[in-house]
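Here the chain labels run A, B, C and D in written order, and each chain numbers its own residues starting at 1.
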Amino acid sequence: MATEHKPSITFHPEPRNLPGGEREYMMDVSTSDLEVNMGPQHPATHGVMKILIRTDGELVTAAQPHLGFLHRCAEKIGENVEWLQYLPYTDRYDYLASMNNNLGYSMAVEKLLDVEIPQRAVMLRMICVELNRIASALVAFGTYGLDLGAITPFLYAFREREWLLMIFEKICGARLTYSYLRIGGVFNDAPPGWLEEVSHFCDVFEEKWQEYYDLLMVNHIFVKRTADIGVITKEQALDFGLTGPMLRGSGVDFDLRRDVPYLRYKEAYDAGAWKVPVGSGEKGTVGDCWDRIFVRVQEMMESLSLVRWCLENIEEGPIIGDIAKTLKVPPGEAYVGIENPRGELGHYAVSDGGKVAVRCRVRGPSFCNLAILEDIMPGTLLGDAVAIIGSTDVVIGETDR
Amino acid sequence: MDFQGIHDHLRLINAPGLLRADEPRAANPEDKKDKGRGGDAYLVVEADALASFLETCRDDERLSFEILADLTAVDPGKDDEDFWMIVQLLSVTLRHRLAIKALVPKDPGQIPSSSAVYRAAQWHERECAEMFGIEFTGHPDPRNILLPDDWPGSPLRKDYEFPTEYRGISCE
Amino acid sequence: MKTTISARELTTPREWVQNVWDGLFTTLAGMRITGRYLLRKPITIQYPDERMPIPDRYRGIHYLEQEKCINCLACARACPIDCIEMDAIRHGKELEWVSFSVDYQKCMFCELCVYPCPKDCIHMGTEFAFVTEDRSELKHDLLSFKGMSRDARVRKKEAEEKKAAKAAAKEAKAAAKEAQAASGDQPKEEGDDG
Amino acid sequence: MAALPIALNAAQAALEVASSEGGNLTLDLLKQYAPESVPAWILPLTAAAVSVGIVVAVIALLALTSVWLERKVSGHIQCRYGPMYAGGWHGWAQSIADGIKLLMKEDMIPLGADRALFVIAPALVLGAIFGAFVAMPLSPDFFFADLHLGAFFILGMSSLTTIGVVMAGWASNSKWSLYGAMREAAQVVAYEIPLGLSLMVPLIVAGTFNLLDASAGQSDWWGMGWYIFKNPFVLPAGLLFFVSSLAETKRAPFDLPEAESELVAGFLTEYSGIRWSFFFMEEYAAMYLMSLMAAVFFLGGFESPFLHFAKAAELPVIVCNLIAAVTLITKSMIGVIVMMWVRWTLPRVRIDQVMTMGYKYLTPLALLCVLGAALWEAGKVLIFE
């Protein structure tokens, strides 16, 4: 981004005669734009990302994301460790939705292995993944409030997330990097009383959700800060390959869980257990920041009812399929895209029949969702820029992998 | 539409650059070295025609692949002469997927950029370019995206050697 | 370039009144919620004085049932980052432990080392707080004792005694056999020696 | 460095005191008990110095308490405790501990900064707000300067802090600081108008700019003759005053000059240690100032039934003064708590919305209130007299 430096002030000494005898003196005040590094250590970038913005006063005229500050060579590591050993690394790219990452990777390898997963493991997977989706949406909602200056909703959201993390801690022993879903099933069965606690959580969470809605989502300042801001049209969203809430916020009714079904989502959908929330432009235009964040907030409730459906339908049984201790994956290539809280999380695994992958590609949804900032940030104010970055809900661990 | 249907339709409309279908197959019991191939089915496409092939896939009404979900490359081995260029397409309205493979010779490692067809390809191509050293001709913004601008080598190639030092920082 | 600055748009009187009303009303609604919490008891706990219960499956610092361990290296092989190192000298069936260390600078507490253990002897503990000023201290030695355990020593001694007894018996037997042979077939043994 | 503006203010206040005709408790006491050998011109100066000392002490104490209070209020709103350790009971000494820590910190000035301005700015800000307190009476008989144009003086002095903030933002040589400073300038200019206009409404009812007189004017109806009850336009004006004062004191939802998620820390980005805490003190002192103003002009000032009955029972003057002071502080404390409550509830307004709100919403509404109040008062005069 090269900045044009114009002379700052030009005088036109000859006055212009206006009708009525008035004289107008002209003076062109032209200023040069200010280039600011927003990040890598800026509170609004949710981690270590840099956005180089050019501003004309408060107006952002150009924006360019710079990534790579958190690049940890996940794909290269995948080519160097065994299939099962890569599992803990999947936790670490989208660290807010580790269960989903585990699931995506496991499913890609299972597709190559062609192994059947026991029903109980499927249900446990679904419960964990959906609870994780709620936890992730809570962070998205909370930090979005924080971006816009509302600190309290963030702490309310984290209060519920804390409970969720404790629930995860009980089933797998970790609070953030779960490594719980494994190739072929899950690692542990639910401990006694765990399913009841999840069901109790569902009941309590429903009340709290209403609180979030009243406190932040319909707040007039919040609505004015987000409605009509950062509008992504449907065409733009598709062109940029946006997925997940970003796509649905733009009014596209598409959810991988329903439309390219996996696990038992289709069955639950047909049973009416959940819906796909789509942005409708309730407070402004379709595809604005409010729509995107509201899709996430609604998804919490949908995930909740999915969890309830799973709790009703879970049955006793084994939790792991027929999996050898040292995995040797038959040769082949498989791409599996699953619905991560941020969009389509794709895992593309190539095996040559050995213990180690030939290629372990991760298609991070945040990576693709972030690209649209270049397009929608120019023309907004500095405060809007923060709102837009927040509404993309990027996890830098995943954009950089 | 399933893979077969998509393949047939593309044949029917004479899609540019379409070579063949690469489907998973069982192991050949007579040849002990051949273990078969599992996983997805691919359409193999001529590398130079990839962009126009994608355009066909996007614009054809019966396919309408609106989203380019993923674009990546694979280095199958040190001795292999080609990179595989893997493109995953996704249709939102018709709800089907398609995996496309194009073979890009390692020497010279050039392929026309698809970012004019799908804007989503732009960042994926930047990543591919720095990780594999593939040059995307006609790319509007060919900078590194994840690696520093002066990072030596292309890390995801199989013949990549880890640098021992980067700007005076030991990488051992 | 698109501009989305609402200040440039005109506001109709109706919208104006609506904005004033909404602004007031939703602010008060929000303040009602926060005000309610202001009067309630907090849910947090005062950490060093009270602590949250740690679940049984918590993945903290490992602990090793050293008596059971057979130095099979299954855990070390399963570790994605090779942070487990173990070394033991084998005396017949008994082990003399030299080291069993986990490098907690690397360890990511993934629990993958626990599953492959054939003797079920390495576990994740509930201890999680370890702060140090020296990096070398992060390499924990999980051994509760070095060298051989008392039981192992006893067993080894017993085994050795047994072995010695066996050897003695064998020797005695051989001697007896020899004595028997000496009386009978001598040239055969010479042939063996050759 | 804080000494310079404070000294200037002290001198100003001293002149005011010396020239004012009304009595001042300190001055009266001095006049009464000072030995005759002391020259007469020293007495007002000494009185002024003592008064300023008391102002600084009281304001610093109030600011420290309110920092602690803010943390407790925000903590409880967010389901947590806030400070609990320093000092024992609910961490009452937290602010003191923080203050000591801030004093200990390295005094950093960025390399490219304009050193002189960078150093002067926090002192100017703090001095201005302390100067404003000179005109603020603490009880009917304990005040530092009984100014005829007290309200005017306070508004003027408190808007002087803007210059300090702009100075700080400019001197820091940081882009984020500059944004913060420019926002502050724009915001304060926009909100001076509704602030002044909404204050006009009780001033019309009171008929005076003098804070003591304004407070005394609310003593009827057993001490409940507050201006908000006397004229229907004072209550909406009070709300407008509250909102404008939030903007004036840079409190959320109008904390755009700081805007930690947008501008890192705005004009405070490059400040640290005790200089930073000067800005912090200023914020809390300004909150108190605005709350005290609101208490005096809208909520009855010193007047309450307690004071009324105390006076009726002919309690000693000192007791009455004490009751009055406690009443005023309590009222302002409530104002401060409501300000905190609002802060921890609302998201931040965008800069153009701040401007819109100031110019398009608050100013017309305040004008309406002024007009209405004036007509009401005029009508009262016409009908009853």
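Criterion: contacts are C-beta pairs under 8 Å (C-beta built on N, C-alpha and C of every residue); 3 or more make two chains touch, one makes a residue touch a chain.
Keep in mind that this is a model prediction, so the values were computed, not measured.
Set against the C-alpha centre of subunit C, every other chain centre is closer than that of D. A count of C-beta contacts for the chain pairs C-D and A-D puts A-D on top. Spacing of subunit C relative to subunit D, judged by their CA centroids, is 60 angstrom. Separating the CA-averaged centres of subunit A and subunit D is a span of 44 Å.
With centres set at the average Cα position, the gap from subunit B to subunit C is 41 Å.
Centre-to-centre separation of subunit A and subunit C, using mean CA positions: 32 Å.
Shared contact sites, meaning residues of subunit C that touch two or more other chains, fall at 5-6, 19, 27, 30, 33-34, 43. Shared interface positions of subunit A, defined as residues touching 2 or more other chains, are 152, 159, 215-216, 219, 221, 224, 381, 384. Residue positions of subunit D touching 2 or more other chains: 77-80, 344-346, 352-353. Because contacts link the chains in a way that matches no line, ring, star or complete pattern, their graph is best described as other. Taken together, the chains touch in the following pairs: A-B, A-C, A-D, C-D. The touching residues of subunit D, when paired with subunit C in their complex, are 73, 75-81, 84, 341-342, 344-346, 352-353, 355-356, 360-361, 365.
Touching subunit D in their complex are the following residues of subunit C: 5-7, 11, 16, 19-20, 27, 30-31, 33-35, 37-40, 42-44, 46. Taken together, the subunit A residues at the contact with subunit C in this complex read 59, 61, 81-82, 84-89, 91, 152, 159, 166, 169-174, 177, 179, 187-188, 191, 211, 214-216, 218-221, 223-224, 228-231, 325, 378-381, 384.
Every residue of subunit C that touches subunit A in the complex is listed here, in rising order: 1-6, 19, 22-23, 25-27, 29-30, 33-34, 43, 52, 55-59, 78-80, 108-112, 115-116, 124. Across the interface of their complex, subunit A is touched by residues 24, 35-40, 42, 66-70, 72, 74-77, 86, 88, 90, 92, 95, 97, 99, 118-120, 122-124, 131, 144-148, 155-156 of subunit B.
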